[in-house]
Amino acid sequence: MIYRETGQFKTNYKADNSIFPILQDRIAIIFYLFVAFIVIPAFGSDFFINSMMIPFLIFALAAIGLNILTGFTGQISLGTGAFMGVGAYSCYKLVTIFPDTNVIFLIVISGFFSAAIGMVFGLPSLRIKGFYLVVTTLAAQFFLEWCFIRIEWLYNYNTSGAIEVPRREVFNVIVTGPEAAAVTQYLVVLSIVVAMTWIASNLIHGRIGRSWMMIRDMDIAAELMGVRPLYAKLSAFAVSSFYAGVAGAMMVFMWLGAAEVESFDVNHSFLILFMVIIGGLGSIKGSFLGAAFIWMLPVVLRAFPKALGLDVPVATVEHVNFMIIGGLIIFFLIIEPNGLARIWALLKQKLRVWPFPY
Amino acid sequence: MDLLYDIFADPFVQMAGMPDFFVQVLWEGFVTGTLYALIALGFVLIFKASGVFNFAQGIMVVFAALTLVGLYQAGVPALLALVLSLGVMGTLAVSVERLVLRHLVNQPDIILFMATIGLSYFLIGFGEFIFGGETKSMITSELGLPTGSSVVDFAGGIVIFQHIDIAAVVIAGILVTSLALFFSKSRIGRALRAVADDHQAALSVGISLNQIWVIVWFAAGIVALATGIMWGARSDVSFALQIVALKALPVLILGGFTSVPGAIVGGLIIGFGEKIFEVYWGGLLGGGVEGWFAYVIALIFLLFRPQGLFGEKIIERI
Amino acid sequence: MSSDQSTQTADGRTIGGPIMEVKDISLKFGGVTAIKNISFDINEGEIRAIIGPNGAGKTSMLNVINGFYHPQEGQIVFRGEARTAMRPYVAASQGISRTFQNVALFEGMSTLDNIMAGRTLKMKKNFFWQMLRFGPAEVEEFEHRKVVEEIIDFLEIQAIRKTPVGRLPYGLQKRVELGRALAAEPSLLLLDEPMAGMNVEEKEDMSRFILDVNDQFGTTIALIEHDMGVVMDIADRVVVLDYGQKIADGLPAEVQANQDVIDAYLGVAH
Amino acid sequence: MFKKVTTGAVALAIVSTLQIAPVSAQETLYVPLLTYRTGPFAGGGIPIANGSADYYAMLNERDGGIGGLKIVTEECETSYNSQKGVECYEATKGNGALVYNPYSTGITLQLIPKAPVDEIPVLSMGYGLSAVAVGEKFPWTFNYPASYWDQMSSIISFIDTQDGGIKGKKVGFIYLDVGYGKEPIPLLESLSESMGFEVVKFPVAGKEMQTQSSHWLNVRKENPDWMIMWGWGAMNPTAIKEAAKIKYPMDHFIGNWWSGADVDLKPAGEAGKGYRSANMAASGTHFQALQDVIKYVVEPGNSQADPDTVGSVLYNRGLYNSVVVAEAIRTAQEIAGHANITGAEMRAGLEALDLTAERLAELGLADFTAPIKATCENHGSGGSIFMQQWDGSKWVRTSDLIAPMTDLVRAELEAAADQYVSDKPNWKTQSCN
Amino acid sequence: MTSATLAAQLDTIPKLLARNATTFGEKPASREKEFGIWQSWNWAEVHANVEEIALGMLAIGVKAGDHIVIVGKNRPALYWSMVAAQSVGAVPVPLYQDAVAEEMAYTLDHCGAKFVIVENQEQVDKIFEIPGQTESIKKVMYLDPRGLRKYDHRNLHSFEDIRTLGKEDQSRLQSMLAERQKVQNYDTTCVMLYTSGTTGKPKGVVLSNRNIIESAKSSSEFDDLKVGDSVLAYLPMAWVGDFIFSIGQCYWAGFCVSCPESEETMQNDLREIGPSYFFAPPRFFETVLTAVMIRMEDASKTKRRMFKFFMDVAKKVGPDLLVGKPVGFMDRLKYRLGTILVYGPLKNRMGMTRVRVGYTAGEAIGPEIFEFYRSLGINLKQLYGQTEASVFITLQPDGEVRPDTVGVPGPGVEIKIDDDGEVHYRSPGVFIEYFKNPESTASTKDPDGWVATGDAGFIEDDTGHLRIIDRAKDVGKMADGSLFAPKYVENKLKFYPNILEAVVFGADTDSCTAFINIDISAVGNWAERNNIAYGSYQELAGHERVLDVISGHVKEVNQSIASDPMLSGCQVHRFLVLHKELDADDGEMTRTRKVRRRIIGEKYNDLIKALTDGSKEIFTETEVTYEDGRKGSISATLQIRDVEVVARKAKAA
């Protein structure tokens, strides 16, 4: 309905190949960015920014990471939580070893550590497929969790075993630590997420992304087309873990402020897998939708009885919350196994062919 | 050199030095392994008949136990509670088939897998919603299960056998045997095997896939209840147990997704392996290695035998 | 390959010396012998057919040629280099490209992306540029897009350019697959039953495309076919397999007259 | 169209966040309660939450609140999860929260640095970071009656009085392998040096709480003379059952005050007989205050608690927490001179808290717990504990108050506090002179 | 600059091109969807390209006055070739690309073309198939080398080769080109177009530069066409309309012509380009409307209701809003809402969002169809024209658009109606002659320059609009002497989506009868919805219930016809539904899909007899030609239905 594509034609490959070939989509993206960069910082409450937007963005980034691995390369992983942890602990070490270095830079750098670890645990994927791979990633998950506890050096021998985010400034603005303003942290997170989303989208639309999808769709044919499984799979693991790592570092540095191993446990791996599946495998947009759905729905659900003025015990709300999320996951899988992104696409298609049904 | 000694010699010296303790470790490994095998068995039942990798099996274990205890706490006599719990598991099987599986026929495995994760979430919420979230203790003695222990003198020391552990092993044995008999002797059992081999063929001999799903899920529910009682008696009943259920994954990797004997052997390997490794080598690494040992073993194993212990070599065709 | 060996066909194509020689290949799976002592050669520029009844070992032969199966015995000489086994991507990088009996397209991708996938080996820009996607990586992408578009034009599949291949009818999928194989600009193109499951009209189209490929780009083609009729029309030389063994090798007419071949095919009919 | 849906969802979210806020408009005392009634630790979380909430409710019913202002509590479910805890904090802090009791060391650690920024004190009563007891370094954080280090030193003192002293003995320490469990290790190690006993550690990872057979096999292998446990949730009953299984002498097995609840021992029952644990507040309903709670809250049906659990160890602990907060509010109101206090004024109240035995008696809680006196320097250390022992069906108090080794602990605390502050530039400290 | 001097300077298409290249150099002139994107050329580039091709033509020896035949689908290079041919003094002769070899042989022979430019192998094959033609044709040039590599290249050149040849000898040829152009003027032949010829062999209509440029100029001014407009060239290049739009008006006004990628992608390409100036035959609009309606049938109930509601609103006020008549506020509001919900998206789906001027011509368009498009806000108009007139005879000015007229005479066009009711016209666009056919030229064009259109019609007294009734020779008398206008009736029948074609018989008989062709997509859809199973066209066409439906349509038509006293005698008394679709391959229709009444009459003689003799059904066997040229036959037993007619009113005096 809102799509008026008549007269939108492409005279070069650049335009034809652009990620948002339709004018209305470009307008929408600009609108979203405007809301994200201007409206939300200006009008969002601290709670909204801190407890909804920042985690949403961070999880969306992690979901993009997992989506690269699972959605685009077809390798199921339940190790995302641990890879996020690698990023977080690396970042913590880097920040304490180099206290004067720009912390935003270090957050990004910590992704490399996570990428390296991800590649190591990606090696078995060359021989193992499907559910079997789930087990190897679980091995990574539990082994790394154990490392986060056992290797005390990682948390500077802190007696609590937790990593605590020190205060750091970038250009005289407090970026991390408890004094950092929510809006500042939000803008940093947003910028990193936007930049990395853009990069992910670039990779996916280029040769590398294609080789990932080739491996996903038909690994044998991919190999016969000259894709080296080693490169394709390991690069997917590396990029995926990089994203998870940066997300993990941001989770601790930009959101939680301190973290123990439980912040990187297998439940987080599941959480992010949910986001990817509910959002849609193989869709960056889906990662955002999935993260928003999985993260914000409980928050909204929790606020719901209160908003209605009902006095429901919190525990009941929480139990019901679990039931609703579980039920919704099943519901979504039944009505649209390809996730919210697919629903979005169908809706968009509906709007594009409006008023026709197809 | 010390390190090498610690790794390669010392543990064996300890084993030889305290044979009674070593036997105790083996026994613990055996019991744990049996319980792992039971959980894995639930997975295998469902996977074999419907190709669904039922992630919720672990949750079903807790859910079943929670139902049993919850009913008892609500004033239902123990044995009646047991029967009612069976009924609940049956209802669960029917509901899962009606509300979930039926709508997901022909979807890719990963989708069904995800649906069972959704099911786990639902069951957690539902279980706690009905019976409350606090940890509960299993009504072991009320169910007539033994609670004491026997101390056996052995090689200058003692080995302690918990009666409940013995009971667990016996019940596991009975369960596996009866399932095996059920599969090989009964009409439904043979139908199940037909489904496992070829869905089309099964359909053509007039077996309803939907019924079969209900039956296997119910069977898995029974296994879950038995497992839940045993685990509950060893520790307690709460959803924190779910993490234990994940151990069934490496067990399945070792044993293969479709093999009942594989599940048992795999369970025992993991059970023995992790106890021995934790007790004799764990200290070198600071302890707590049990959490990942099973997975790493499975991973290493996979690298050399991607098809599992009992699987056949895969020839890829194009 | 050398010009002195080359001959001119009736329709004006040039056929050179052997580009590939298959020597005494044997392949076993466990105890089952799939291929036994097979030798033949493929000349540069020709259309070489491998035919035989079902289960004759044709696809296995193709899998050996492009490195998917590793034979227990024998060797393959490709462009003068002898080897017994190589990884499929090595074969691909040497210029061997193929299609599959049961279409093996990348189902989640569009026609365009599938054919672009065939260009994988030709694309060189590194991760960094890929990440930015402007500058060199983009320029490279568009250069290859141009080539791919020519293939799309060649195969007359413009209308399905952006359609996900999963939604295409079988005949078109086969065509896209041919396009993907062509995109690699192979020096040896292996076609595994390119006309399987097609109706007469589609078969005629596909034959035309195969001939055009050979004609236009001078690509050497080795194709497996079950249907003898089609093969006789388009192949320059034919090798016949039965039960993993070679039973005939020669010009279509010769092969057609060969008693063993007739028996093998009649045997199948029983 | 979809755009509308998304913006609608965002709008709903914003609206719903606003919906949380309206409390602050009236003059009330707003105390958010971070509770966990779900998740693996719900078994402990539920009675604590009930005890806490019921006492405030009782005060509202009986006294009309504190200083004439009603206490408004708001529960927020954390599931003992740091992320959710922080989310709860963010969601409630804007409503004029007076104090936070996170009931999780993990959440406490997250809140410690936030407290001075948002000017809302954190009272981690008997948990959290031990070093916060050093008031100069942690003006906004309190952990009386005692830190884990006090408690550990008291337990060691207790052991030292048994079986001919602790010197030369082997002490096993089994703990939940998270911040909470690891907290006392430095003190334990330094005590082992100074007092000449050997320490063997048995960490239990969070996810292995219910499968401790290996740990206890190791205990059997090491065969320590004493076992000390820092456990929580499902870890406790499992540990006790496993200890019984290996026939570890129960009376040599001592838990801290988070490992000594009724729910922890009930499953083991008779097998747990002899097990000791530390405690800071008495159990039972024989106190007047508890009778009031039953009268005003439980019997009218305004409590979420199962009446049987009223007076249990953890219920009373939650109640004790509320008593302390209520007293601190009263103190703060006195200092501020007005009833409607802020977080900063609450801090002053917490710092000036003096809960004497007389006051306890006034409150109907005579002998309920040891008196507390906070100072600027001391935000928590020094409280005494007592031992209770399981007799097979219930807890029995078996010791007098056992004082911690204050001097030793204080020194360790200060060192730890310095270390904590050292890598945090601009950390707000206070001077107590 | 006065128009006279302007005309003096811009008296040939190549000169217009030169002007465009300097005046609008950077503006897009040609686009073609190729290799996935819209390849674009601006006027300067087009100029350069045309010159290159022209030089190449000189290089291979094209002489002034030579005919150059051009065959292929709409492609910029072929359009350029036409202009290049003109620049070297040759006459471009575009032919229908789907013409079979014999048809092509006739025209090649008739015009004596020595040079042929074709698109691809398919056309090359056709040309080489013509016996004896290889000698007379000197060179064949092709655009697409695909499959032609091993052809004998002595007389065959790729387009690129030609360009290269021209470039190699550029300096010499350049001056030659200038020479050639110098002698061209307003009266030089611009193009020769073969009329499809409803009867007999095609005739080559010779059009001069004056014809084309004057027509283009006046019509461009009429509708204010200018640089920045864009059209989609998808109608056959051999058709005069396409030549006027894609060369005449395009070069005059300087707008951009876009060529679709292939036939299958046309709809999509139309949507992408979104032309502002659009021409299509009524059949096109009909097909699109049918498709719209069929697709809406599948929409949800609420959507259908919404669609119906807003279409009713549109029907009520849309046309008025289009011409700026006052409309009530509520209606205006409803229409505005409708634009958001229905009209805008619908136009977008049809690719007509940007259409500023749309024309339809060639046949009468159903009033419902016509109103449908206009109510959406698409400025669809009708014109009446002929090849011989360089298209334009009458056009509808904005604000005077009605479905039943074809408009007022175009600028510079005079019209008169002769005694038989036949329309005659005289205009600057009137053709020079029929090539090598003076008799026909003389019988069509009188010495004063008046041309007989062959159509019967009349001019409305009050408005001055021309109304066409039918082909003059087809308007006959019935046995009782009343007027018989078959086409008039046929068109009314064809306005029903279910009816694809109708042929009405009745000259010199007592009552009218009709053959009907059903529209397989519309009726098929209807059948599906009503659970009617069918295996083939024939089966569907013979189905009882289908006949019932058609019968209903015929009855309604009869009622409508009866209201017009002059034509009320033409009511259809009996009809049958044909067992096969009328097809150009069988000679039953022209390539432009006009019914060949006479041939049909001969071929289905038995059926016509059955229609008149009152029998209830008839068995028949018919020869058909398949796509590949093979022949076969099909047989069927056809039912004949009687239809209620409205009693004739007393004949008006």
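Some observations on this one:
When the chains are written out, they are named A, B, C, D and E in that same order, and each has its own residue count from 1.
The rule is short, and it goes like this: a residue touches a chain if its C-beta (ideal position, glycine included) is under 8 Å from a C-beta of that chain, and two chains touch if they have at least 3 such contacts.
Owing to the predicted nature of the structure, the values given are computational and were not obtained by experimental measurement.
Counted as hops between touching chains, the shortest connection from chain A to chain B is 1.
Here the chain-to-chain distance from chain D to chain E, counted in touching steps, is 2. Ranking every chain by how far its Cα centroid lies from the centroid of chain C, the top place goes to D.
The innermost chain, defined by the distance from its C-alpha mean to the mean of all protein C-alpha atoms, is A.
Farthest chain from chain E (centres taken as the mean of C-alpha atoms): D.
Rounded to a whole number, the gap between the C-alpha centres of chain A and chain E is 57 angstrom. Put simply, the C-alpha centre of chain B and that of chain C have 49 angstrom between them.
Centre to centre, using the average C-alpha position, chain B and chain E are separated by 76 Å. A separation of 35 Å divides the Cα centre of chain A from that of chain D.
Each of the following residues of chain A touches two or more other chains: 1, 12-13, 145-146, 149, 220-221, 266, 315, 318-319, 322.
Residue positions of chain D touching 2 or more other chains: 37-38, 42, 46, 177, 203, 205, 207. Counting partner chains per residue, chain E has residues 36 touching two or more of them. The part of chain D that touches chain B in the complex is made up of residues 37-40, 42-43, 46, 177, 201-205, 207-215, 217-218, 220-221, 233-234, 237-238, 241, 245-247, 263, 266-267. Only residues 31, 36-40, 271-274, 292, 295-296, 298-300, 303, 306-307, 340-342, 344-349, 351-354 of chain E touch chain A when the two sit together in their complex. Chain contact summary for the complex, chain A toward chain D: residues 1-2, 28, 31, 44-48, 50-52, 55, 96, 99, 145-146, 149, 159-162, 164-167, 177-179, 255-263, 265-266, 292, 296, 299-300, 302-304, 306-307, 313-315, 317-319, 322, 344, 347-348, 351.
Residue ranges on chain B touching chain D, taken from their complex, read 14, 18, 21, 24-25, 28, 31-32, 128, 132-135, 137-138, 149, 151, 160, 162, 231, 234-236, 238-241, 243-244, 274-275, 278-279, 282-283, 286-288, 290-291.
Interface residues of chain D facing chain A in the complex, by the touch rule stated above, are 1-3, 9, 12-20, 35, 37-38, 42, 46, 75-77, 79, 81-83, 86-87, 90-91, 94, 105-106, 109-110, 113-114, 116-117, 129, 177-179, 182-183, 185-186, 203, 205-207, 304, 416, 423-426.
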